[in-house]
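The letters A, B, C, D, E and F name the chains in turn, as written, and every chain counts its residues from 1.
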Amino acid sequence: MLPIPFLLLLLSSILSPSSAADFCVADLTLPTTPAGFSCKKESTVTVSDFVFSGLGVTGNTNNTLKAAVTPAFSSQCPGLNGLGISAARLDIAIGGVVPLHTHPAASEFLVVTQGAILAGFISSSNSVYYKTLYKGDAMVFPRGLLHFQVQTGRSPAVAFGSFSSPNPGLQIVPFALFANSLPTPLVEKVTFLDDAEVKKLKKVFGGTG
Amino acid sequence: MLPIPFLLLLLSSILSPSSAADFCVADLTLPTTPAGFSCKKESTVTVSDFVFSGLGVTGNTNNTLKAAVTPAFSSQCPGLNGLGISAARLDIAIGGVVPLHTHPAASEFLVVTQGAILAGFISSSNSVYYKTLYKGDAMVFPRGLLHFQVQTGRSPAVAFGSFSSPNPGLQIVPFALFANSLPTPLVEKVTFLDDAEVKKLKKVFGGTG
Amino acid sequence: MLPIPFLLLLLSSILSPSSAADFCVADLTLPTTPAGFSCKKESTVTVSDFVFSGLGVTGNTNNTLKAAVTPAFSSQCPGLNGLGISAARLDIAIGGVVPLHTHPAASEFLVVTQGAILAGFISSSNSVYYKTLYKGDAMVFPRGLLHFQVQTGRSPAVAFGSFSSPNPGLQIVPFALFANSLPTPLVEKVTFLDDAEVKKLKKVFGGTG
Amino acid sequence: MLPIPFLLLLLSSILSPSSAADFCVADLTLPTTPAGFSCKKESTVTVSDFVFSGLGVTGNTNNTLKAAVTPAFSSQCPGLNGLGISAARLDIAIGGVVPLHTHPAASEFLVVTQGAILAGFISSSNSVYYKTLYKGDAMVFPRGLLHFQVQTGRSPAVAFGSFSSPNPGLQIVPFALFANSLPTPLVEKVTFLDDAEVKKLKKVFGGTG
Amino acid sequence: MLPIPFLLLLLSSILSPSSAADFCVADLTLPTTPAGFSCKKESTVTVSDFVFSGLGVTGNTNNTLKAAVTPAFSSQCPGLNGLGISAARLDIAIGGVVPLHTHPAASEFLVVTQGAILAGFISSSNSVYYKTLYKGDAMVFPRGLLHFQVQTGRSPAVAFGSFSSPNPGLQIVPFALFANSLPTPLVEKVTFLDDAEVKKLKKVFGGTG
Amino acid sequence: MLPIPFLLLLLSSILSPSSAADFCVADLTLPTTPAGFSCKKESTVTVSDFVFSGLGVTGNTNNTLKAAVTPAFSSQCPGLNGLGISAARLDIAIGGVVPLHTHPAASEFLVVTQGAILAGFISSSNSVYYKTLYKGDAMVFPRGLLHFQVQTGRSPAVAFGSFSSPNPGLQIVPFALFANSLPTPLVEKVTFLDDAEVKKLKKVFGGTG
């Protein structure tokens, strides 16, 4: 007769034929799918796949926006894949801004941990919802809606955003308009902006066309 | 003994205790929920709840955009509620435009039925995808991404957009920025636009602040 | 020091590490998944992946049904993959019909653009909802329910159906019963149809068994 | 100072401010929603809401089908509401049949516990998959596809079907065609059946028109 | 001119370009995805992929629990993949128990077919819901909540559980705590159990550390 | 003729007939649904509905666990309702612990902002994944799996958890077993714990029975 612990392991393996339902750690080398990355084999998964170390480091805000976003999405932390959650650290220097943007695939919940941020969003019916957030305040930005964060007060601001997707996407309106090759007349036509304005901002954001 | 048809009706009623799974026609007077409108009682539902008559009428393009959108969403066609689909008719006069916009809750598939439309979208990584669509061409705009439609050629254009939600939402960037009370300095800060440009467009689109 | 546009590109690439959340253009050569086709690498995606040209062409109605369906599903338009939407053109000649059918995975919203169509569906509780649709009328057929479209009036009809899935499926009852090898006695048993009727229709629709 | 258990209860109530995420027992008197019935207040929920007693009783097969379905859906067992699961008992007397049908909103997994059943389904591409199931055999019928169950062998059959929805719906093709007021010429047009056949079956199944 | 059946086959193939939406039979050799296993090619699918034969066999209850679970999940029955449903047979000998456990990814609906079972679950607000179930009784265990089944009465019990996922997972609390290498001091810290108790149960369940 | 801004407002209102797709702020007085709380009327929504102020306050750890959880779920921050995201602040004093627990409806992503925490989870196949997290480290706990957090090091720890649901639920194993009226013999049967141990912990956690 088999010893009891061995019987139990057998039983356990029968009861749990696969942990596929538990998690799906991203294998970044395999094809992606509409539901996210393909999964690593469970036998190669370690605790490191579920841990991301980097949200404690101040982002480099030495740029035009005076702001930095440090993502912890499924590309950076493969254990997030398929689990409907991710996060990012936001650093905004004095005078800095995260310009008007959306996350096409996620709602965001932003917690301010240092300084103050004037944050807001705009609804489909063009109503505006904005408020100055202080340390410990949190604000939700519903999925797909245009929103922004502006540093305010006398010290740099730090915040942590969490997202309802492991890969929320980020579409920044000035980048979408002025940092690519979208032809200038087309930009003007779809935004009602002046020719001079568009050309100036194409230069600032590195766009062509 | 009961006659057979009566037995069958009994059976049928046992087999189909409720059609709640079939459809959920919106009762616009009841509270809404995260999944859409509450449902009318099935006994009051008629075929009219599933039919919308209005997509054959040319929209009034006598406005700044020279464009009109005629929606057939769950508010207009309550039978769509909960079913993951809706549509809209798009009329664009010569020189008209549907400016940069998103549907926060839906992907769109646009079929051109008359004239020609230069349509495109921008991805999260700021790549642009655009093309001139002629009669019979269709283009998909992925959920939440900024996109636009511009009439082109010598005749007005007509198209039908379908959406992956009964209530897709519509957020037009120039309206979101210039048609409400979002303070001018804040608009400038989050868009990098000039003060003069913002003030001019606030006037065009009826905004204040 | 790096020039500003270069810094911005860096920033942009940090902010948007992947557009996987934006879209998942089908690679028809890779394995499929429960959520649809696997995705092409984003670097090989072009605007053509999002455009389908073929809904402007009249379908060939020279068949028993006097009807033709021209699909624009994810197999035909790979950019639709994963986005919860697709469409099809429907041509019905005079006297034609799209017989009783379901889309197992989608609701449909049908817009008539030419002629007239008598369309309807049947609910789980065996209620019938049908109406004659004219140009500009639209009707929704809830997911999975039996429905039909019959040309009516003096001219051929054209309509565009949109679906709440990129791959809605189509199961036509007479084809399911009479166009395959399902044994005749089994067809009779599960439909209560006569032997002669089943044999006749097997011949019409090309079935065996 | 408060005694420890009281502190713990406080803590517990802070930690679990609501069990709305746990379950949503149907209140059949409130409006329904696209996601199912509205919920009873948690304070009125008892274990009886989660238990259904009736799957042990043989259904009455004294009808035209010689079959009976005893549902345990959310209407019968309100604790199932919102939980994506339900079940039904199936009794088929000798010679009985559950005719061609679909569940518009659910996949089914059928386990035979007594007798033998010839069961099968038809795919969108009109392929047929059928097999005789004996005691202990189980077969899956994918969501929305036409399928059927026929008693076979020398004894009545019993089976339990489970469904991927608390309210799967049930649309039986002969009932949908012949047990309501759908006009006879329309039935003929959308099925290619003979006039005599349709009229005969309308009589058998209690239809009018 | 082509013969009619051939025309129909053509039509049929145009109408149903792919059955990917119908089902996705698991190919256990391909990578998994967040939505389940990758699919076999449809041309290699047979009815056997949808049938599982094994729920009629009494499980071996000769173990510490005096219980056995025979799963019919997507690993055992590949046709279940992607369809939101699965099942398992539960055998509990006299004195047997399925200890406190959860299914992380599924709700369960349990039907007792032989004997009696004392079954229950605990809610997030620590309320307990339990009852003795007899033959024909069914009870639902909401997704993710701790629950248990205890044989009661004078005969062994048999039940069939169905799950709202093709791969529901199973996490048995005593196994999770005592059948692996989780360090004993850590087990004690997170459970408030005595050192002696933890060490005794580690021995019973085969754990180390 | 109407002035242009007025025309635009008209257009805007036609284009955006309802913002129901944007957000659904919880009305805590209305019935709940399987998808969350019913929505407040949009006209009564203010920015305060989207902001929660309380995550900056240190929780009271003067209890048996030496730990406190401050939730920002949809009950506390009604703007989160329906948006798939929420958060909580976690304070653990020296020697404190958040005992073995699950969130039945959500995955968690925990960011440590002060001190150090030994955190881990156990998979369905009884594998353990644990690690000491320092300031700036983040770890994901997949949905429904048992996990724990233990303060470690010389200072109290603070962390922010975000959840893939606006109402994630929280089921703490020792509370579920020892803080209610679940009969002692039943607890023993389903856990394999000693009678003395169960009675002792019932006393600690305030349970009866």
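In this text, a contact is a pair of C-beta atoms (placed from the backbone, for glycine too) under 8 Å apart; a residue touches a chain by one contact, two chains touch by 3 or more.
What you are looking at is a predicted structure, and each value in this text was computed from that prediction instead of being measured.
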{"item": "For chain B and chain C, chains touching each", "value": "A, D"}
{"item": "Chain pair equivalent in interface to C-E, over half of contacts matched, among A-B, A-E or B-C", "value": "A-E"}
{"item": "Same-site or different-site touching of chain D by its copy chain F, using the half cut", "value": "different"}
{"item": "For chain A paired with chain F, centre-to-centre distance based on mean C-alpha positions, whole Å", "value": "20"}
{"item": "Separation of chain C from chain D, taking each centre as the mean of its C-alpha atoms, in whole Å", "value": "26"}
{"item": "Centroid distance [mean C-alpha coordinates] between chain F and chain C, Å", "value": "41"}
{"item": "Rounded Å distance, chain B centre to chain F centre (Cα mean)", "value": "34"}
{"item": "Multi-partner residues of chain C (each touching 2 or more other chains)", "value": "12, 16, 18-19, 21-22, 33-37, 104-106, 120, 123-124, 126-127, 130, 142-143, 145, 169-171, 175, 179, 204-205"}
{"item": "All chain pairs that touch each other", "value": "A-B, A-C, A-E, A-F, B-C, B-D, B-F, C-D, C-E, D-E, D-F, E-F"}
{"item": "Residue ranges of chain F touching chain D (in the complex, touch as defined)", "value": "31-37, 62-65, 68-71, 73, 75-76, 104-106, 165, 167-172, 175, 179, 204-206"}
{"item": "Chain D residues within the chain C interface of the complex", "value": "97, 99-100, 102-105, 118, 120, 122-124, 126-128, 130, 142-146, 148, 150, 169-171, 173-177, 179-182, 186, 189-194, 197, 200-201, 204-205"}
{"item": "Chain A to chain E touching residues, read off their complex", "value": "4-9, 11-12, 14-22, 24, 27, 30, 33-39, 81-82"}
{"item": "Touching residues (chain side chain A, partner chain F) in the complex", "value": "12-13, 16, 18-19, 21-23, 42, 46-48, 50-57, 72, 77, 79-80, 83-87, 106-109, 111, 113, 120-121, 123-127, 129-131, 133-143, 145, 160, 162-164"}
